[in-house]
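After this come two complexes, each holding chain A, first together with chain B and then together with chain C.
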Partner chain A sequence: MFSALQDRVGQILLPGDEFCSDTDDTISLSEPVKSEKLVCGPGLRRSGARLLVCKSGVLRHKPPNVFWIDCQQRRYVPARGETVIGIVTAKSGDVFKVDVGGSEQASLSYLAFEGATKRNRPNVQVGDLLFAQFIVANKDMEPELACIDSSGRASGMGVFGGGGLLFRVSLGLVRRLLAPNSDVRSDLEQLFPCELVVGLNGRVWVKAASIQQTLIVANLLQSSDAMTATQRRQLFAKVQQGAL
Partner chain B sequence: MSGDSTKLSRNLLRMKFMQRGLDAETKKQLEDEEKRIISDEHWYLDLPELKAKENLIMEEKSFGPCEELVFGRISFRGFNPEVEKLMELLNPKQKTETEEVETGRMQTDVTDEEMAQRYESLVDSMKRKFAKKRQRAAVEEDVNMNVTNTNGKRVFLKPQD
Partner chain C sequence: MEACSISNLKLREFGCEQSLLSRPDGSASFIQGDTSVCAGVYGPAEVKVSKEIYDRATLEVLIQPKVGLAGVRERSQEQCVRETCEASLLLSLHPRSSLTLVLQVIHDDGSLLSCFLNAACMALMDAGLPMSCLFCGVTCAISADGQIVTDPTAAQEKESRALMTFAIDSTERNILMSSTKGSFSVHELQQCIVVSQKASEKMFQFYRDSVKRRYSKYL
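And then the complex of A and B:
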């Protein structure tokens, strides 16, 4: 299965394609039989001994053994461990209801903030923006958020906002923004000092020195969603000349 | 006596206060019966042993670990210093680069000579600690031999004007 997957890296796969675990056709006597472990990322699903493709996109591979489907989509499906931007929609008892753009609202315990105790409630109002992490996210249960990491520290999560602008982009652009050596990020850095909060649910919050600059960054990001790298660079250069 | 006991019901005979008056044979009989009941009640599942196959495929629902995405808060050119600090802390790749530079600088903090001196004395004291009594005496003598000249009784030196 490993070699079959590796052959198709970079190719477009469609839902329904499948990979079967090869029943030992050739057993080499010299090499020790090693069990090949696979990690299948988003877009691939395990079904018994088979591996099914459930999203259409390009098959990607990260050494040693991680495979996933790189696809463009706008619908967000919560996944455990992802950090997202949520909007508080209701306070009910000891949980906040947070809209994260998924099919269901996520719940956030008031104790899942840094320094929060039963006495000392966090100051969260309806309508606030939150940067939070999923600690429970599966398809059968209500997703659950937390604004602290495993060591109990906020580490950048929690309520933020005030003076910025929130907008939506595609999930693909968000991933391009957060990639380790991102072109979009380095292009954006050339423009002007600004701050971004990027949630993996496709929400981006921007704040710059003035409202005008904030709007420029927001429009640039939204329009660069469907651009090639050269087109984007041209546009950024144009803005830089006009703005500076 | 035995005729009487047969008339009494078994459940009654099994009671604690009846046990004293029983003879050995009936006692044994009762015990056997009890054992049989227990072993009958002890049941087990008649199933083939379940063999869990080793799972070779792991599922990961999030893009984060696959694409090694960086932390979601970004600040450019010192717009928000707090966030920039966090970025350095949480984004692993940048950290290693800066760390290498920093280690070069860190070494100037305590010079190699200073370190060597400190360890010299440490080795000495540890050696003394782990030596046995007789050896320790020898070690101390040895040390004294080396340092006797300097380690003489200290006398207050009057400052000369």
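And then the complex of A and C:
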């Protein structure tokens, strides 16, 4: 199954495609039998000995044994450990309700902020933007956010905003922006300095020196969603030359 | 089975475009000859408490006719499409959420139900919803002299003695849904099923090619 999967890396798979584990392989008596371990990421599902594809997209592989389907979807489904941009929609007692773009609103305890105690409540208002991390996210429970990491530090999370612009892009573009050595990000860095907050739920917040520059960055990012790398470079070069 | 009826299998020109709308989570338009349907999918989104199902997602299908309000015919088509989608989607992966599929008729020139099914499948795929298999719709008409016509136009539908639409899954080519009108023998039904299964292979190859084209930028 491992080699069959590896052959298809970078190819398009559709729901219903399947991989069978090669059980009839010859067993060698001299070497110890290596059990093949596979980690299925999003879009892949196990059913007995078979591996089923349940989303359409490009098969990706991360050595040694992680496989997943890279899919251009737009609706966010919460996953544990992912950092997202949320909008506070309600304050009720000791939890905030936060809209993250999923099927349900996430809850955020007022104690899950750096330095927050029962006396010292964080200053969070309805409508504020939050950068937070999922600590509980599964299909059966209400998702729960936190603005601190496991050591109690904020590490960049918490309330932000003021003067910037929030907009939505596809989840694929967000992942490409956040990938290490991302080419979209390095192209953008050459334009003008800007602050960028990228949530895995497809929300991006931008703040540059002026409102005009903020809007340019936002428009560039939104349009680079459906472009090839060369098209994007051409567009960015045009903007750099001042063709605004 | 007659080989001749299978070999002269004819489908009209068909085409598809994915993610053409900006607001829905997934969208597609599907064209078969002059029949054209646009589909949009929203979800998994928040669900009304009255429609909430505790162990799976609620799927709602809405069919909008070209003019006027949806009537009984649209309701029955909605049910056919919904049951097909429920069979192929893995709804238990998104419990207590809602999926809404809106199908807008752009133009009806026969084989409308199969066009609905094809547009629905492309839109669901575009939205990235987990599916166990793909499905496609094929319409067969039996003309007065017993000839089987696949993917009939509105005129051919009118002249036909019987009209059948099948939804076929991509893994085992099983029939997920059938909708029939008119009188026909068991033998004719079997023949139509074989013809549709044959036609479905063309459709699934087309699905693969069009998704490949869509993702060609990201390879």
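General remarks:
In the analysis below, the second predicted complex is superposed on the first by the 239 of 244 C-alpha atoms of A that agree within 3 Å, B and C clash if a C-alpha of one lies under 4 Å from a C-alpha of the other, contacts with A are read in each partner's own complex, and residues count from 1 in each chain.
In this text, a residue touches a chain if its C-beta (ideal position, glycine included) is under 8 Å from a C-beta of that chain, and two chains touch if they have at least 3 such contacts.
A quick note: this is a predicted structure, and the numbers were derived from the prediction, not measured.
Aligning the two structures on chain A places chain B and chain C side by side, free of any clash.
Look at A:Val126: by the touch rule set out above, it reaches neither chain B nor chain C.
Once chain A of one complex is fitted onto chain A of the other, the partner contacts of A:Thr228 are limited to chain C, with no touch recorded for chain B.
Within the superposed three-chain model, A:Leu14 lies in touch with chain C and out of touch with chain B [touch as defined at top]. By the touch criterion defined above, A:Ser155 lies against chain B but remains apart from chain C after alignment on the C-alpha atoms of chain A.
Annotation: apex chain A, arms to chain B and chain C, angle 130° (C-alpha centres, rounded to a multiple of 10). In the superposition on chain A, A:Ile211 makes contact with neither chain B nor chain C.
Between chain B and chain C, B touches the greater number of residues of chain A. In the overlay built on the shared chain, the residue A:Ala90 is in contact with neither chain B nor chain C.
Taking every C-alpha of chain B against every C-alpha of chain C after the fit on chain A, the minimum distance is 12 Å.
The intersection of chain A residues touching chain B with those touching chain C, taken from the two complexes, comprises 45, 77. Chain A contributes residues 10, 12, 14-16, 18, 43, 45, 52, 54-58, 70-75, 77, 102-104, 139-140, 172, 226-228 to its touches with chain C in the complex.
If you check the complex, the residues on chain C that touch chain A are 19, 25-26, 43-47, 88, 90, 93-98, 125, 127-134, 169-171, 207-208, 211-212, 214-215, 217-219. Put simply, chain B touches chain A in their complex at residues 54, 56-80, 83, 86, 89-90, 93. Interface residues of chain A, counted against chain B in their complex, comprise 21, 35-42, 44-46, 51, 60, 62, 66, 68, 77, 79-83, 131, 137, 155-156, 175, 177-180, 182, 185, 188-189, 191-200, 207-209.
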